[in-house]
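Sending over a structure as structure tokens; questions will come in a sec.
Think of it as A, B and C in the order they're written, each chain with its own count starting at 1.
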Amino acid sequence: MSATLAFLGDFGDAFDYIFNSRESEAGGARVGGSELLPLLWTHLKVTGVAMAIAIAIALPVGLALGHSGRGAFATISVSNVGRAVPSIALIAFFVAFFPSTPEFWNVAVALALLAIPPILTNAYVGVRQVSRDAVDAARGMGMSSIQIVRSVELPLALPLIFGGIKTSTVNVIATATIAPLVGVLTLGDPIISGTVHGRAGQIGASIVVAALAVFAELGLSAVQRAVTPTGVKLERGASARAPRLGTLKRRIQTVP
Amino acid sequence: MMLIRLLLALACSAVLLGACGEDEEEPASTPSGNEESTAGKIQRDDANSEISLTIGSKNFTEQKVLGEIYAQGLEAAGYTISKDLNLGDEKTALAALKSGEITAYPEYTGTALLSFFGKQADELPKDPQAAYEEARAGFEADGLVALPPTPFTSSNEVAVTQATAEELGLKTISDLEAEAQDLTLYGSPECRQRLDCLLGLQEVYGLEFKRFVPVAIDQRHEVLTSGRADVSIVFTTDPQIQRENEVLLEDDQGMFPPYNSTLVLTQDTADQAGEDLVSTIELIQEQLTDENMQELNARVDLDKKDPATVAEEYLTETGLIGG
Amino acid sequence: MSELFAQLQRRDRSGEDCVSENGICPDWIVDNLDRYVDPFWDHVYLTLTSVAIGFAIAFGLALLAHRRRWLVAPIVQVTGILYTLPSVAVFFLLLPLTGRGNTTAIIALVAYSLLILFRNVIAGFDNVPAESKDAGRGMGLTENQLLWRVELPLALPEIMAGLRIAATTTVGLAALAFLAGAGGLGAALFADINFRSNVLVAGGLAVLLAVALDLMILAFQWAITPWLRAAT
């Protein structure tokens, strides 16, 4: 019980840590407050770069596969294996096999690989579930494949695609907390190095990371709603739920 | 019907679960055949089995090897041992000791003086025995007992690659003064606040590095050899120094204290175990010279052997355990 | 008392071999496979326990919320927050409360899996065709019988899908459990993060475990839904 009460008391200290810098636990270094800004910046940078790489790879591939209808098995496999790889193992792989590459890029690429599966899956399913009638009509109008993808399938698949991007972004933000283990100083540093930043630092940094994740989730949900074509929104309005857990023939599970 | 299938499947999973329940704190493996075959120097005393010890260690190779050596050696002497190695840095280990999570762990005299007892750089004793006496007094004030130290000393040192040393003409740490603002230093996370690490380099030598990057302590050599770090903090017993031709800069202003290892126990454990424990520990430690410790570290870090295996090799090769 | 310190056998390390070159060394792997046994079983234990407890809680919550729809949103909110908290943070925050070891790790892993499992169970129930339920009621089944004999079997594919996702993601997260003082393949991995053979074996075993669990749950699903087999 006293441990729980102490925990609650630590919360106030944690908020102080977030806004005011202080001496480190044993003295000698400054932590907290404005010292968090470089950590936050690195966290955002590595997340941004990882997501950019992931989207650049997964989106075109997912769209292409979804349009042609081939590669369902490959997409499922990538999705399953992708979930199966522990983040620390992927980061360790790059650190061990590419020791001369700057750590930032090792971590960014590892995180990008982790971010690809949800985007790939959702892009694929997003395109597959576009009504065949719309695609046939477009083809009848003489559009080329690329035009069909761009003007018909992509817009209609956007809600699901953004769902995948949303999930990946939240995952990457959370996973970037272990980057300090290999020298990339994100907001995970206060969490992992408790003896330097103290309990307040651990709790404070956790709050900041959680807040980041929540902002990303809310922000991208808003974008997801914004890109849902009005017609689709109205059509779905009848059933009270937004697209959740769409399954294609119960084999591929998308993320909301 | 469906329900029965479900229950059957759940029952199977439960059996699977029950079959592999294991917790992190596990009893130390008993070295083979020390009862019947040639008896080692460690005498087994069955009375010791009433005394229960949890051996902890910090989070780098030498500590893991030491922890294993103590655990296996004491088990051979009949104590009931469990291990909780790889706890973290020195502050984490001390907290674990004080909270009762562990009952003993090997600490270094120099580390204790600087990190626990707030000694300043100019107050540090140069003599290993004096350092031990001061550390022991400090621990005693905290209600802990520090047993006699090991022969080996494993000091923090500032290291650069051969190439860097030649290029910048570095021999002593003071030589870094002119160059530091262009150099990147890598160290453990706690290095930032330790007087025998970055903090000391800043205060005693007045060095301002371009960048300090905290990494897990096991990385201290990789960061040098891969070129990410210009300067790194290493230990004198590290086998990589020789293999990678690293240059240790001389501590010309005397920043680093002696670092002999001493097993620190809670007062209760020491009282309960009595003199027997002390003499067994001294016996175990006797052969832990600088060369031997470096060889043991090499077997783990270079030959990639398991610390438990290497500890067993130490105990059998020095005749502490028979068979 | 010996006057001379015994010298340990010095190995000759001047040569270059696979290990010193930091390569992928089959010999070393075969010789040292036994050092991965305990971490592997620790990992299995952490994963299975966490998923089992998570499923029990999520399923219970879903049963509650099934009849009281207003509960769904708040439960999704709370489990969503638990999902958003980085597990690493939860490990470290729980440490002073629950100590080092498996308990802390399991609590965090369970918290993470709740959202996935809950949403899938609820979605499973929601996707049961109304006609089936009507037919059941028409046959005179009580609400409880309806639940266990009609709704649950039809919801199984979705529920199993959720279990598969939860199992594979938990294997991945359990690799970080070493930060909380629990064992697992992450501990073996982190013990030598620069040695390529070690990274491959520890990481590879984790991936294999996740794939194996995925397939086992799939096989289990296949076994208990014979009517779906007939369809495909």
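Here is the rule we use: a contact is a pair of C-beta atoms (placed from the backbone, for glycine too) under 8 Å apart; a residue touches a chain by one contact, two chains touch by 3 or more.
Keep in mind that what you see is a predicted model, and the values were worked out from it rather than measured.
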| item | value |
| --- | --- |
| Arrangement of touching chains [line / ring / star / complete / other] | complete |
| By count of C-beta pairs in contact, the leading pair of chains | A-C |
| Length of the line joining the C-alpha centres of chain A and chain C, rounded to whole Å | 20 |
| Distance from chain C to chain B - Cα centre to Cα centre, in angstrom | 33 |
| Mean-CA-position distance for chain B and chain A (Å) | 38 |
| Contacts with 2+ other chains: residues of chain A | 99, 181-182, 192, 194 |
| Sites on chain C at which at least two other chains make contact | 190, 193-195, 198 |
| Junction residues of chain B - those touching two or more other chains | 216, 219, 222 |
| Of chain B, residues touching chain C in the complex | 2-3, 5-6, 9, 13, 16-17, 20-26, 84, 86-87, 96, 101, 151, 216, 218-219, 222, 239, 243, 286-287, 289, 291-292, 295-296, 298-299, 302-306, 313-314, 317-319 |
| Chain C - residues contacting chain A, complex | 22, 81, 84-90, 92-93, 96-97, 119-120, 123, 157-158, 161, 164-165, 168-169, 171-176, 179, 185-186, 189-190, 193-196, 198-200, 202-203, 206-207, 210-211, 214 |
| Of chain A, residues touching chain C in the complex | 3-4, 6-7, 80-81, 83-90, 92-93, 95-97, 99, 170, 173-175, 177-178, 181-182, 188, 191-192, 194, 199, 202-203, 205-206, 209-210, 213-214, 217, 244-245, 247, 250, 253, 256 |
| Complex contact set, residues of chain A against chain B | 24-29, 99-100, 102-103, 180-183, 185, 189, 192-196 |
| Parts of chain C lying in touch with chain B, wherever the complex brings them together | 2, 5-11, 13, 19-20, 28, 32, 35, 38, 41-42, 44-45, 48-49, 52, 99-102, 148-149, 152-153, 181-183, 187, 190-195, 197-198, 220, 223-224 |
